[in-house]
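In what follows, structures are represented as structure tokens.
First subunit A sits with subunit B, and in the next complex the same chain sits with subunit C.
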Partner chain A sequence: MRLRGIRSFGPTLWGIALFLVVLAGTAPWIPVFLLTVLIQLLIFSTLAYSLNLITGLTGYVSFGHVVFMAFGAYALAFAVGTFHLHPVAGVALGIGGVTLRFRGVYFAIATLVVAVAASYIVLEIKELGDGQGIILNIGFEPLSWFYTIWVILAIEVILTYWITHGRIGYGVRSIKSDEDAAKALGVNAARVKLFLYALSGLFAGGAGGVYAWTASGVFPQAFDLTFSLQMLAMIVIGGMGTLLGPLIGAVAVYIPSYIFLTVLIGFQFIIIGIVVTLIALFVPEGIVGSLRKYIPELRGILE
Partner chain B sequence: MADVALFMADLALGLLLGCVFAVIAHGLNLIWGVAKVVNVAHGEFIMLGAYGAYFLNLWFGFNPLLSVPVDAAIGLAVGVGFYFGFLHRELRGKESMGLQSEMVTLVATFGLALFLINAVQALWTGNNVGIPWSPGVVLVGSIQLPLGGLYVAIMSVAIIGLSHVFLTKTYLGNAIRAYSQDIPATQLVGINPTFTAAVGTALGFCITMAGGALLTVWLPTGIFPAMGNLYAPISFVIVVLGGPGKMWGSLVGGLTLGVIINVGQLFVGSIALATAIGFLTLIPVLLLRPEGLLR
Partner chain C sequence: MTRVLDVADVHKYFGGVRAVQGVSLKVQEGQVVGLIGPNGSGKTTLLNLIAGVEKPTKGAISWDGQRIDRWPAHRIVGQGIAKTHQIPKPFLTMTCRENVAVAMMFGNHAQRESSKALEEAAHMLALVGLGRKADVMSSKLTVQERKRLEFARVLGTGARIVLLDEIFAGLSPEELRDAMNLFERVQKEIGFGALVVEHVMRAVLTLSEHVIVIEEGMKIAEGSPRAVVEDPAVIEAYLGTEAVHAAP
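Now for the complex of A and B:
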């Protein structure tokens, strides 16, 4: 499982890097209101990339990804200060170690059921607010939030690129198309999947931590399955398993739902639901995948 | 420690509740067995069945038991629509469902679930509603049993039994079972695969929505748009416990889960924890007996 062997970066990575650097450079001058919107967008992008690592790259649909985000949020709320030491990776290894034994629909069901069960258990624990959540008294510091989530997202994008283009990428792709054949060729499927799942859980936890920080506390709503839905919607719309897809998906889902949120509550999910259904049925490649399919010139540029 | 009388009462209640769990899971089981598809929006169709019973009560004064056949008829139509909208494109001309198709249907029905929850919320508000219908209690030995729950349990077992008779004794039922085992062989003996799969899926939805109506008896104020988020995992766990595609498996899984939740809360002190434990039994069952508890 070596990650070396990348000589040059592709144009998509440069594009995302440019976008992120411009954001980081201008952040101190962006109005606070816009900055908070941007922070939410980056949190959702981080979540989308984290789900992309397991669902997009290996084809294992995880419905329970919200559980990592919620654990990250509760971990932050429980131990403000020791923020970069996430127990989430350990949780992800545990859940992944069990659920990854199942394939296809069984994996999807196991993740969903584990997520619901975990939320019931956490909400019963007295130290974790007894189902009421934990309210923190930490200040309003949008720039710190911004740069923290920025760093997490940047590392995640680079890792995604590394995984898709390094040696492990061949293994990952072979698992997605035919796991048995991949195993026969000597790909250690269990290890690759567990590695991706743990990584994915770690980043979702990081995003959850920042989410709790921006919300100044954590509430049982952190376990809301709609977060799982939104993550899945983002990578489906953007393009599963692509490098640019989760970012485009995050923008395409978050910005309209933010606008609809102020107009009519609940309405945004009706539209997201219809769009996800139609895209899954008729254009399963998503935006990035379709662009690559129908415009051959873009194939060398978009990844 | 809980005393024996309390234990027996909870055991009896758990068995009654398990029967209705079995019906809602039975619908999923049929769709899963026939089309090899897991309908992620399953909980939302239970919710629609429950709302169907609620409105029939509100407008015509039907009690939940009377609305079962109406809901079932609606479910048949919905199931045919679902088959041609979601499954036909993926199943047509194929010998089995590939991994790619599996992912497409999982994600597409996930989108459908999102749409249904929020459309219902926009239409009928997110408030909890319920049907005021309680036929009283009956004494069995020293245990008080709710009469409504008893009726529901009888109807539940009857529905599962009827579906079993249909699937084993009629030509169409046998065709559906044959289709679920081997699609090319089914075509070789002259069975129309599209018709068979559509009927099988429709039957699954019929039972799911009827189950939604039966469930309302247990939920005096518990009908709300997102209720599927609880009953879909319950159904998934039951089907896996009993074994997908095994028709009596739903009843075994349903009774097991009903008893675990109801008796478990006596020991762990809260219904949420007991539900979590019931859900997590899925993991060892999948690991040790992936074909389900039944042989």
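Now for the complex of A and C:
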């Protein structure tokens, strides 16, 4: 990307940057209990942005994103300390190479099948804890967790901005609008989608790695499909394909479900399900998309 | 040297349906070739084969001496052959300017910088008479404007051979005259070659140097527009038997 003067980056990116910088600057003084909540929030934000890269931008709904998160978690646990993520990128390329051949609902079903299959495969592999998971003994270091996920999220937000504003962004929008017409104008749709899918998988893997680190281990529950559904809920509520939406969605989904986890145990998914259904029915653009739609003054500011 | 699109004995079968049965034709850069034939004669299928949307069952398609018939569509566009859609397919979520900019950034990759492509797209729109609509959402265009946008996008890819699928259909006589003038002007200015599939005889006969007639997937005649319209076989196939007597 050519630097066109930092002012041209737009208020939304500045706003997110300010939010992240303030968090990073105050983190050492935030009480540990609050910090762990914040770390979980950043992990979920990273997951939401990762799903946004493929589902939000191209319109290909992936139900199986939990796979990358879980692989990231297992990758970390299996090779403690080295934090190798390139296996996750490889896995994403492989899965994307197959599933992206499908369109629409068939793609969604294929991702779901992959997610379910992957969890059963991992359960059978002895080296990966033989279905019991792997327990890590790497101590309690909230600040390290915080700054690691912070860096991953910051890179992801910048990449999202870069992708949506450059040449690839136009290619992606053309694919979302009419894939056949896009191909007829020279857009290599398969490559663009695979690139986004792999990138998306990589960041979900990164989030999964940090998740395993904070949980001091990785267990087959990491494959729980509710993670996928939460990610989807976040981008649907926040606004698919937008720069700010996933962050707002992550706050809107995670904070209430945190409260439900401790107060109204088990109710959070019922509430999330109802909210997502209502949003899909009445405000399909989500929070950010609706604000842009109904308040024209915000279009230049909010993205 | 002028490059040539060479379609050699191409066949396309859909199951038992033989849509194209051994058609050969050539289009040179800078040359306008008309392709006519009754409904369902395989014209659109032939364009799809050249553009790489469909793959031929048999036969060869080459461009500038290189076989392109197994290439994916986007790669063929990258080498300078692009097609309009019979029913325009604008990106409805984008402005006209953005629509053309996508073609410029991805077509033959002449302009990869999005800000410059957006700027140049306005010139291309002005060329096809959509200058004032540059920043209008393409969903707001009329059908005829969408056809012009479709044309502007194909030009935006930098194509040296454009495949035009019925861009003159459904126009009033005045609109047709304007559209034909526009086409001639742009064609002279850019110097692309064109394969024009058309039902509107007036357009094909006025604009093309060479006309090919196909029926049931087979070529039944070719030659200069005048020679072709006087060919009894063509008149019979294309206009029906009773037209033979009415022909000039």
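Note that the second predicted complex is superposed on the first by the 293 of 303 C-alpha atoms of A that agree within 3 Å, B and C clash if a C-alpha of one lies under 4 Å from a C-alpha of the other, contacts with A are read in each partner's own complex, and residues count from 1 in each chain.
Basically, a contact is a pair of C-beta atoms (placed from the backbone, for glycine too) under 8 Å apart; a residue touches a chain by one contact, two chains touch by 3 or more.
Being a predicted model, the structure only gives us computed values, none of them experimental.
Asks: Who does A:Ala189 touch here: subunit B (first), subunit C (second), both, or neither?
Replies: Touch status of A:Ala189: second partner only.
Asks: Applying the document's definition of touching, compare subunit B and subunit C: which contacts more of subunit A?
Replies: Partner with more touched residues of subunit A: B.
Asks: Just to be sure I read the superposition right, which of the two partners does A:Leu232 touch: subunit B = first, subunit C = second, or both, or neither?
Replies: Only subunit B; A:Leu232 stays clear of subunit C.
Asks: In the superposed arrangement, which partner chain does A:Leu51 touch: subunit B (first), subunit C (second), both, or neither?
Replies: neither
Asks: Between subunit B (first) and subunit C (second), which, if any, makes contact with A:Arg167: first, second, both or neither?
Replies: Second partner only, subunit C.
Asks: Within the complex, which stretch of subunit C touches subunit A?
Replies: 51, 53, 72-75, 77-78, 82-83, 85, 89-94, 98, 101-103, 105-109, 112-114, 117, 153-154, 156-157
Asks: Can you list the residues on subunit A that touch subunit B in the complex?
Replies: Its residues touching subunit B are 59, 61, 63, 98-99, 101-102, 104-106, 108-110, 112-114, 116-118, 120-121, 123-124, 225-226, 229, 232-233, 236, 264, 266-267, 269-270, 272-281, 284.
Asks: Which residues of subunit A touch subunit C in the complex?
Replies: Result: residues 2, 165-167, 169-171, 173-174, 176-178, 180-190 of subunit A touch subunit C.
Asks: Given the complex with subunit A, which residues does subunit B contribute to the contact?
Replies: Subunit B residues touching subunit A: 38, 40, 86, 89, 99-100, 102-104, 106-119, 121-122, 126, 229-230, 232-233, 236-237, 240, 270, 272-273, 275-277, 279-280, 282-283, 286-287, 290.
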